[in-house]
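Right after this note come the structures.
The following pair of complexes shares a single chain, chain A, combined with chain B in the former and chain C in the latter.
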Partner chain A sequence: MRLRQGQYSFLPDLSDDDIRVQAQYAIDKGWAVSVEYTDDPHPRNSFWEMWGHPMFDTPDAAALVYEVNECRKAHGAKYIRVLAFDASAGWESIRMSFIVNRPAEEPGFRLVRQEGEGRMIRYTIESYATREPEGARYA
Partner chain B sequence: MTTEPAAPQTGPQTAPQTVDLAAAYEASGVREVLKELDDTMIGLAPVKQRIRETASLLLVDQARRQLGLATETPTLHMSFTGNPGTGKTTVALKMADLLHRLGYVRKGHLVTVTRDDLVGQYIGHTAPKTKEVLKKAMGGVLFIDEAYYLYRPENERDYGQEAIEILLQVMENNRDDLVVILAGYADRMDRFFDSNPGFRSRIAHHIEFPDYSNEELLKIADVMLTEQNYTLDPAARTAMADYIAARRGQPHFANARSIRNALDRARLRQANRLFNEAAGPLDGTALSTIAGADILASRVFRGGLDVDRKPAKEAAE
Partner chain C sequence: MLDKNMTVTDAKKRYSAGVMKYAQMGYWEPDYQPKDTDVIALFRITPQDGVDEVEAAAAVAGESSTATWTVVWTDRLTACDKYRAKAYRVDPVPNAPGEFFAYIAYDLDLFEPGSIANLTASIIGNVFGFKPLKALRLEDMRLPVAYVKTFQGPATGIVVERERLNCYGRPLLGATVKPKLGLSGRNYGRVVYEALKGGLDFTKDDENINSQPFMHWRDRFLYCMEAVSRASAATGEVKGTYLNITAGTMEEMYARAEFAKSLGSVVVMIDLVIGYTAIQSMAKWARDNDMILHLHRAGHSTYTRQRSHGVSFRVIAKWMRLAGVDHLHAGTVVGKLEGDPATTKGYYDIFREEYNPMALENGIFFDQDWASLNKMMPVASGGIHAGQMHQLLTYLGEDVVLQFGGGTIGHPQGIEAGATANRVALEAMVFARNAGRDIWNEGEDILRAAARTCTPLKQALDTWKDVTFDYASTDTPDYAPTPEVSF
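Coming up: the complex of A and B.
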């Protein structure tokens, strides 16, 4: 199951050139771009690992594409996304977020039903990938 | 009547059959950069010649690209060699502008660094530092001043080697993204290239900056003063010419930079003179004229820097 999170997730995978153009848009707007990766694809997982610092003072998006490719070398079998932060409000708010790398196999999510008091059912989803310990997912 | 089949309709895929170089030259705005270079930089004839050649090479390359004859980006990394104060940084700025106008770099900014900005202080510090600088320079030109300091053969555990390896890798793989210009004194750069053959082969353009002649330095002094709304009176002009001739023979002579420092000190003396002598109101001419005495007071006329360092006994008198 293809993970649909962030922008452009219903489009085919972005090429390096597409990524560059998108990141350049963010940089031209004055937003800081950064690269993050994770192997826990749950939609509520807000703790992706940072790949280096956000790029606050790079005028050209080639730097971001370079870091994306460096991150792919190290974490090519995980999810990698590009973020754009806007600090103009006084705090860092995410303006853009899109996935630029995904594992070859995406096993998708399992729906878990929990029986509560009475006949109440609680629903939750769990990624099949996270059944494996961290680091062993998406081998 | 021709028997040949009709030429294919010009669509987005078909390459044009001819290219107007003169029109491309006008459209790219290279003319302004070259003119600015000619107007603002005094002397440096061989450098200007090389830059003009490089500009035409790039224009022709661009034209070939339009005709579908060239695909590879030419190697644009350069090395500027010359003595201090010969205008290497200024020319690098112009070069960045030129490459930007020709579309070889996307942003055209210049990032000037030295060894300190690239090499870290402890293990594992160098690579992120170098990469950070390289990322900042992407889309523009990275100017590494005194590049030979990167390589310290006397210390085999020096982290400079690590910076060099990353630099070489990015220079090769990200040729479309940034242009690297190495600068430094000619002899030490030669030794640097000899010990790092990878660099020499990755740098296509070696440009040598000659020293300025005395007349050129005098002209440079004039330009510098005009920019600051100062003028030399005739006596000061003669004194300046003598100053340049005398300064050249003394240690730490740095061409245009020495002239700038000399003028800064002359302005200081002029201000001091005006302050001490002025009895009444001063007009604009008095405030902006540097007199002969302001320059003749320089220690260069008394034998150079050594005069200042008198032995302690003498200085105490």
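Coming up: the complex of A and C.
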């Protein structure tokens, strides 16, 4: 499967220049860009690992692309995403999020059904990758 | 002889039994300066032939506050000057002979805190049937911060909705299941599964899907949530389907809401026709239960569409933001339903902004401070398709749910392909906009380029390329973009 989270997961994989252009859009809006990675891509995993702090004072998106590539060197077999944070009043949350790196194999998710009384079924989603301990997932 | 438009200040004359002009009774005060805490209503009034517009405005003020048709001595037991609404300004409507804009101020103490029912019982109560008027329309309201703060506001709000859905930076995508009536629960769930797996974030019950012989509500909820869960596993995304919990009683609506919650739904849906108090109750329930609350504006066109009589949708939008819904349909501009670009922008601003400055060109007559009430997500639905993506993004921005019902389910290669076409078109257009492309002029090229690697999008563009709904709107702003009107 292909993990469909983020703004551009239905488009072909982004080039480094694509990433730069999108990050520059965010920076020009006054948002702080940041890099995060994970080996636990559950749709409700809010907290991927931070690759450093959000870049609050960086005017040039080339610096973000540099950090993406540094992160790839260390975590290239995992998911990496770029985020943009907007600190303005009334928002104070994420404005953009898109995946910039994927594992070579994406095994996807198992739907676990727990049959209950009547016709009630509780559904749980479990990433196949997270059956392995952290650090041992995705090759 | 008493001046017909002057308040009678001599108490003996003012309260002698009989009938008196509303303006003379104190409902017309041209020198009045509205207080920051006043509720202000702007009405479009069309007096009967021979009825003076000032007297008509005073009558509206009177009938929507303290007055009755005759003088009553019991006024004198109250601080009646305070409780009288005050018409303070009457302007002719540009290019509409016989119509006038009447500004009326109401003291805050006339209204119960936190009750749309109480507000509306005054403002759109008896007064709309008042015989001296041919027609009456509530165009806009200014709601003071002191009053706004007595309401919960949207249960979730745009920001938290995005956080819960883990979806940022692009419009959300939805589709209403079609045919809207007649599918069995199992067949209905099939549509939900295919659409969500293909790339939509939401599917939606239609307004009149409740619990009918062909599909009772529990069947629908069970099959839909199976579909939502399977689609979520297939894509790794949070998915939702607006389970319509509209029912005949509050007790039944609560039961359906609880069942939706127990199945793990992120969203429930209600119809406008359940009434303001029921909406406020469900908004409270939604806040208490971490649920997004979708409102379908079923029925609104019976009173919002005609310019001469009724209530403007911008007023309904303000009331719904107070009442606390998260999603509300607000027009598409380019689709099959009513709405010109300028008026629709006014609605969207009411939904999504912290502060609305007066913008006559968008039909917004007052500055409105929302006092940090959550924002509502507008929903654009009705006759839109992937080929319009550049127009939709330009007109509506990114905090919006774009709902392609026919534009998903009617795809020649099926529902999943229809959903994928819409999602690819959307992502390509957002990407291009962020990259600095002129999407308004280059939109078709951008879509064609994206279609080169996405056959479903190519098929969608070929199928619907010539579909537009280019009709004149009935409800457009009265003022030109650069009004020469002083306020």
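One rule holds in what follows: the second predicted complex is superposed on the first by the 133 of 139 C-alpha atoms of A that agree within 3 Å, B and C clash if a C-alpha of one lies under 4 Å from a C-alpha of the other, contacts with A are read in each partner's own complex, and residues count from 1 in each chain.
Everything that follows uses one rule, which is that a residue touches a chain if its C-beta (ideal position, glycine included) is under 8 Å from a C-beta of that chain, and two chains touch if they have at least 3 such contacts.
Here the structure is a predicted model, which means the values were calculated and not measured.
With both complexes brought onto chain A, simultaneous placement of chain B and chain C is permitted, the two fitting side by side without a clash.
Counting the residues of chain A touched by each of chain B and chain C gives the higher count for C. After overlaying the two complexes on the shared chain, residue contacts for A:Y123 are found with chain C alone; chain B is out of touch. Shared-chain residue A:Q22: touches chain C; no touch with chain B. In the superposition on chain A, A:R72 contacts neither chain B nor chain C. Once the two complexes are laid over each other on the shared chain, residue contacts for A:R4 go to chain C alone; chain B is not touched. Of the two partner chains placed by superposition, only chain B is touched by A:D57; chain C is not.
Contact with chain C, but none with chain B, is seen for A:R44 once the two complexes are overlaid on the shared chain. Geometry note, superposition on chain A: angle between chain B and chain C about the Cα centre of chain A is 100 degrees, to the nearest 10. Distance between chain B and chain C in the overlay is 15 Å (nearest C-alpha pair, rounded to whole angstrom).
When the two complexes are superposed on chain A, none of the residues of chain A touches both chain B and chain C. Within the complex formed with chain A, the chain B residues making contact are 106-107, 109, 128, 134-136, 138-140, 170, 174, 176-178. Within the complex, the chain A residues that touch chain C are 1, 3-5, 7-12, 18, 21-22, 25, 41-44, 46, 83-84, 89-98, 108-111, 119-123, 125.
Across the complex, chain A meets chain B through its residues 52, 55, 57-63, 66-67. Note for the complex: chain C touches chain A at residues 159, 162-163, 166, 168-170, 199, 222, 225-226, 229-230, 232-238, 262-264, 354, 372, 375, 420, 423-424, 427-428, 430-431, 434-436, 450, 453-454.
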